[in-house]
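So that you can tell them apart, the chains are marked A, B, C and D in the order they are listed, and the count of residues begins at 1 in each.
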Amino acid sequence: MDRLHRRKNLRTGNSAPPSAPHLAPGRRLVLGGIAATLAGLPPARPTLAQTTLAQPSLPQPALVQARPVRIGMITSLSGPFTALGESMRAGMQLLLAQSGHRLAGRPVEFLVEDDLARSEEGARKARKLIGQDRVDLLCGVISSGVALALRDVVTEARTPTFLLGSANDLARGAASPFIVRPTKTNWMLGTTAARWAHEKLSGARVLTVGSDYAAGREYIGDFAATYQQLGGRLGRQLWTPLGSADFGPLLTTIAAERPEAVYGFFAGSDAVRFLRQWKEYRLAGRVPLFGAGAFFDQEDVLPAVGDAALGALGTFHQSPTAPASAAFNQAYMATGKPLPGEFSTTGYVCGQVIRATLERADGDLADWAKACGALFSAPVETAFGTMPFDPRNGQAILDIHVNEVRRGEDGRMVNTVLHTYEKLRDPGPDA
Amino acid sequence: MGYAIVQTLNALSFSALLLLTGLGLSVVLSLMNFVNLAHGGFYLLGSYVAVLWLGSGAPWWLAFPAAFLAAGLAGAVLERFPFRRFYARPHLMQVLLTYGLSVIMADLMRWGFGAQILTPELPAALQGVVFLFDMPFPLYRLFLIGAGVALGLLLWLLLDRTLWGAVLRAAVTDRGIVETLGIDTRHLFAAVLVLSAGLGGLSGALGAGMLAAYPGLDEEVLILALVTVVVGGLGSFGGTVAGALVVGFALTFSKVWFPEFANVVAFSAMAGFLLLRPNGLIAPPLRQI
Amino acid sequence: MRDIPLSRAAPLAAALLALALAPLLAGAFHLRFLAEILLLGTAVMSLDLLVGLGGLVTLGHAALFGTAAYAAAIAALHLGGNLFLVLGAGTGAALLMAALMGVAIMRSSHLFLLILTLLLGQVAWEVAFHWREVTGGADGLRGLPPLSLGPWRLDGPRALFLLSGGLALAAYLLARSFADAPIGRALVGAREQPLRMSALGYSIPRIRFRAMLAAGGIAGAAGSLYPFLNLYVGPQSVHWSLSATMIIMLVIGGVGSLWGAFLGSAIYLALQTYVSAYTDRWQLFVGLVFVLIVLLLPRGLAGGLTGGLAGSLAGVLSRRGRP
Amino acid sequence: MSALLEISGIGKSFGAVRVLSGISLAVSEGETLGLIGPNGAGKTTLFNVVTGFLRADAGQVRFAGAPVDRLPPAERAARGLVRTFQKAMVFPALSLRESLAMAARQRAGQGLRWLGARACHQESAARVERLLAESGLARHGGERMADLSYGEQRIADLLMALALEPRLLLLDEPTAGLSQAEAERLLGIVRRHDARTAIVLIAHDIDIVFNHCDRIAVMHLGQLLRTGTPQAVRQDAAVRAAYLGSLAD
C-alpha cells in the first residue's frame, strides 16, 4: 500500500477509488512540515513522487470544476469530547461517501484536525488548515469555547466556515458574515423546555440543577427566564462543578428539597453519572425530570445509563424518531454505528448544508457573499428537517422537538418525539 | 436527621473509593519510594475489565478478581521494564517516566475500548436501596464502604502482621541486609508493584459503578488519589486512611454546603491545609541530620 | 571583562540570524506558529529556572502564565492594546500570583510541592472558569483589540513573530544572567546541599521565593502576549494540564539547559500540530517519544546534542593529542 | 566580660529517648573549647540545637548577648554562629572557587543579588583568593568539588565556614578520616586565619583536643560531666571512669 493512501484525512472512506489521490502541491509530508516549521523555512517544494501523483494545478476559472474542493474540519478527537468528535466526523464522512466524494461536481478532499477541546489549539489548527493546507472552507467544532476562539480567526482570513458550537453569542455578538450556523443555539432548547414545562406542569415549582459552565448557565438561564416570564415558579437553583465525580451529595440535597419537578443540564460523563445516580437514589420515577440538549443524547448518554432516564423529557433539535432523520438513521446504522445522536446528525447536516451551498453556487465559493445569499434564499432539506437561515446572522431556524425517553421495540431507550415547536428563530443580534 | 446521616454515608462511600485508589499508590510510595503516575491507568483498566465482565453474563463477583489480575499483569509487565530501572532514581525522573507511560496506556485503552462512556450492569443484589429516616441510600455504596474497610484491613494485616510484610519492611530499610539472608529483593519489590497495580485495577472495578469508565477518567482518578496520599502524609498506612477521610469529607460537604463553589472551597481548603502542614497529616518522623 | 565563551555566543548568533531571516522566508501561519513556540518556550524556560536550577517541580506554572494572559487581555479590553500597558498588567498579575505560589514553594518541596501547586493552580483555574463577568467563564474572552505601540498596530504575523522573538531573546538573556548571578548559584546550592546552605547563612525559603518571583515575572511577560496571537484567551491557558505540558516540553528539550526549553516546545507543538493530522493515535506517539527521551536522554535533546557534540569533539582532540 | 555563647539548661528528647538534659555551658571570645565524649553522648545534637537545626525542648541559647532560640539556622549563621558538619558537605557540581564565593557573597549581604552580578563577583573574589592562598589550595580553585580528594574536601568545607568571618565556629569532627598531618594542617589553617574566632571543636582524637584546646567539656549520656582545663579534665576521676579510663588502660 502506498503510504500516501494511509494518511487518514486524504480520503473520506473505504469506498474512495484507490487511484489518483488528489494531492495539492502545498501538502507536505509530516517530517518535512516539522522540519520546515522548526527551521522557519518556507513550504518545501513537493517531492517528485508527489508531483507526479498530483493533479496539475490549473488556476484558470474554466477549470474550477475539475479542481478539488478542500474541506477542513476541526473537531475534538481527544479530550473530554472525544466520542462526540468521532461521531461528528463519522456523520460528515457518511454524507461525503453518499455523495461519491464529489460535491457540485468537484472532487472533495476532507481534512480533519483535532482541537483537543482547547481554544488555542483549535485556533492554531484553523490557521494551519487555512494558511498551510489552503482549504476552501472550514467546518466543525464541538466546544463553544473553541468556536468563539475561531470566530475572529476565520473572519480575519475571510474563510467560509460552518460553525457548530451552540453558545448563544455565536448567533448574536459573535455572528460573522463568514460563518454559517447549521445547528441550534442553547437558547432554542432552554426556552422551548420552559414553554413545555409551563404547558404540561401547570405552574409546578421547578428546581433547576446544572453543570456550572457556559453551556449549563445558558440552558438553565434561558429556561428560568422564559419559565418565569410565563408565570412559572422556580425552586432552588443548584450548580455543580463541571466534571463532578460524585453526585450523591447533590442528589441527597435534591431529595431533601422534595421538588415537584427538576430541570437540569449535564453533558457527557457528567450526564451519565448524574442519571445513573438519579436512579440509585430512587429519584427516577418519583420526580419528573426535564432537560435539554446533550443531557439525554441518544448516542453518547442513553446507551450508558440503562433505563435510568426512562420517562425523562428533553428538548432537542435532534431525535432519531423525527421523520426527517429516518433516511440518515438507516444509512448511519448501516455503517455499524448505533442509533445516531446529536453530533453524528450534526456532522451529517453540516455536510448537507455545505453541499447545498456548493450546488447553489455552482461549485465556486470565490464570491462568498453571493454564495451565502444563494444559501439563505431558500431552505435546505436536512436530517434536522427543512432548514431556513436567518440572513442577519447565518443562524439556522430550527424545529425543536420535545423528546421523551421511551423503551423501544428492541428494549433500548429511544428519544421519542412528543411534540415539535416549529421554526425556532434565535433572537440573534436583537437579544 | 436522615439527611445528615445520608450525607455522612455519601462522604464515607467516596472516602472508601479514595482509600482504595490511594492505597495502591501509597504502597509503592511508602515501601519502595516510587512515585507511580501510571496508577490511574491501572484503575481505568480495571474499570474496563469489570464493565466488560459484568456485561458478559459470567458470574458477577468474579469481575473483581479479573480486574485485579488484569491490572496486576499490566503492572508485572511494566515492572520488568522500565519501572525496575527507576526505583533508585530521584522522584522527578520517576514522575516523568510514569507520566509518559500513563499517556501511552491511556491512548492504548482508548484504542482498545473506544471513546464511548461505558457503565457496568450491576447485579441485582447491588442495585437495592436502604431508607434511613425516609432518605434513600444505595446499597451499592454500602458495598463500597464495606469493600474499602475490608481491603484496608487485609492490606494492613498483610504488611504489618505477616512474615512477608516484615521481610518487606526490612528490605525497605536496608536492602543489603535482607539480601545477605538469601532473599531476592528484586522479586519482593516486583511483588509489591504487582500488588499495587492489582489494587488499582480492583478499585477501578469497584468504582466503575459510581464513576463509569471513559477516556480521561484515569487522570481524574490519579489526581484525587495523589491528593489523598499527599494530604495524608507520605509513607504511612494510617496517613492514607486519614487522607481519604479528609479529602472525601471535604469534597462531599463542600458540595452539600456550597454546591456552586464546591471545588474552589475544597481545593482551597486542602491547599491551605498543606500550607499549614507541609508534610501532610501523619508525617513519618524524619531526622535530617 | 569576562569573555563570552564561543559555546554561548554561537547559539545566540544563530538565534539572532533565525529571528532576522524567518519573517522573510516563512508564511503567515508558520510565523504565528513560531511566535506561539517562542512564547510558550519562554514560559518553559522560566520553569527551567525552578526545575533545572532549584530542583523544584511545580504544576502551577500555567497559573502564572494564564493569570498574566487574562490580566493582559482584560487590561486591553478596557484600556486598549498598548504594548507596555499589556506587558505591565500581565507581568504584574503574574508576580502577584507568583508571590502566592512563592509561599507554597517556601514551605514545601518534592511531591508535596507538586500537589500543593497543583491545588493552587486548580483554584486559579476555577476562578477563571467561574468568574464570568470578568473572565468570560468557559467561553473565554474574545474580540481583544490588537497590540499597538504608539501609531503602529502589531497584529500581523510578522509583527507578532518579531515581538515574541524579541521577548524570548530578552527573557533568555535575563534567565542566563539569573543563573550566573549569586541568586542563581544560591538556588543550585540550595538544591545540592540545603543544610550546608543554611549553615552558610542562606535562608532557603527566601532563595526559593525569589526564584519563584523571577520565574513568574518571565512567564508572565510571555503570558501577557499570548492572548494577542489569536485575540482570544480561554481558561485552558490556566489549567494544570498546560503546566504538565510545559514540564513535558522542558524534559524533551532538556532540564537545566535554558535554550532547550525552546527546542522542547517546538518539538512538542510540532508533534501535536502535524502528527495529529495523520493519525488519531498521535498521543501514543507523543507518549512514546517522551518515554524514550526519559529513558535514553535524561538530559533531554539539548543535553544529548551538546553532550554528543562535546563528546565527539573531545574524541577528535584526544586522538590528535596522541603521538 | 560576658561570654560569647551562653547555653543554659538545654534539654532535648527524641520520642522516649532523652538525648540532652540540663546542659549549661559558656564560651568566651577567642577561646577554643574541646567537646568530647563517647558516641551517643549528644555532642552533635547539642551543635544542632545551638545552630538552630533542631529546636530544644527546654533551656535557652544566647549568642553575643541576645537570645537566638527562635531564629532559623540561616539567621544564626548570619550573626556569626557558624558550623560545619560531621561529613564534609560540599557542592559537588560547583568549583571550589564558586563554593567559597557563595559563602563570601553571603557574608557581604549579596548572596541573593541578581542584577549587577558582575560587581558582586569581583568583590567576593579578593576574599576567596586570600582564603585559597592561606590554605594552599589555590591551584585547585577551578576544580569541581566532587573531583577533590576527601582531605581537600574537608579543608574546602572549613574554608567555606571561614569565608563567613565567624565569631564562633562549631567544628563537628573536622579531622575525622584525616591523617595526623592533615588534621594538624587543617587546624593550623583555622588558627592562622583569625585568632579572635572562638571555636568549639568536637573530635575523637584525644591528642588533637588536648593539644589545641584552652578548655575541655566532657559529655556523657546527654549530660555535661565536667568542664575545665585539659589538665584538670585529664585528672578527673569521673571523666576517667566514664570515658578516658578505657583509653588510659
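Criterion: contacts are C-beta pairs under 8 Å (C-beta built on N, C-alpha and C of every residue); 3 or more make two chains touch, one makes a residue touch a chain.
Computed from a predicted structure; not experimentally measured.
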| item | value |
| --- | --- |
| Maximum centroid distance from subunit D, chain identifier (CA atoms) | A |
| A-B compared against A-C, more contacting pairs | A-C |
| Length of the line joining the C-alpha centres of subunit A and subunit C, rounded to whole Å | 35 |
| Centroid distance [mean C-alpha coordinates] between subunit D and subunit C, Å | 42 |
| Whole-Å separation of chain centres (CA-atom averages), subunit A against subunit D | 73 |
| For subunit D, residues that touch 2 or more chains besides their own | 53, 85 |
| Per-residue multi-chain contacts in subunit C, two or more chains | 126, 130, 195, 283 |
| Junction residues of subunit A, two or more chains touched | 78, 212, 241 |
| Interfacial residue positions of subunit A with respect to subunit C in the complex | 7-9, 30, 33-34, 36-38, 40-43, 77-78, 111-114, 118-121, 123-125, 127-128, 130-132, 144-145, 148-149, 151-153, 167, 169, 174, 212-215, 217, 241-242 |
| Residues on subunit D engaged by subunit C in the complex (per definition of touch) | 51, 53, 72-75, 77-78, 82-85, 89-94, 98-99, 101-103, 105-107, 110-115, 117-118, 120, 160-161, 164 |
| Of all residues in subunit A, those that touch subunit B in their complex | 78-80, 82-83, 86, 212, 238-241, 243-246, 248-250, 252-253, 255-256, 268-269, 272-273, 276-277, 280-282, 300-301, 303-306 |
| Contact footprint of subunit A on subunit B as seen in their complex | 3, 6-7, 10-11, 13-14, 110, 114-119, 121, 127, 129, 135-138, 140-141, 210-212, 214-217, 220, 224, 251-253, 255-256, 259-260, 262-263 |
| Of subunit C, residues touching subunit D in the complex | 2, 177-178, 180-186, 188-189, 192-193, 195-204, 206-207, 210, 214 |
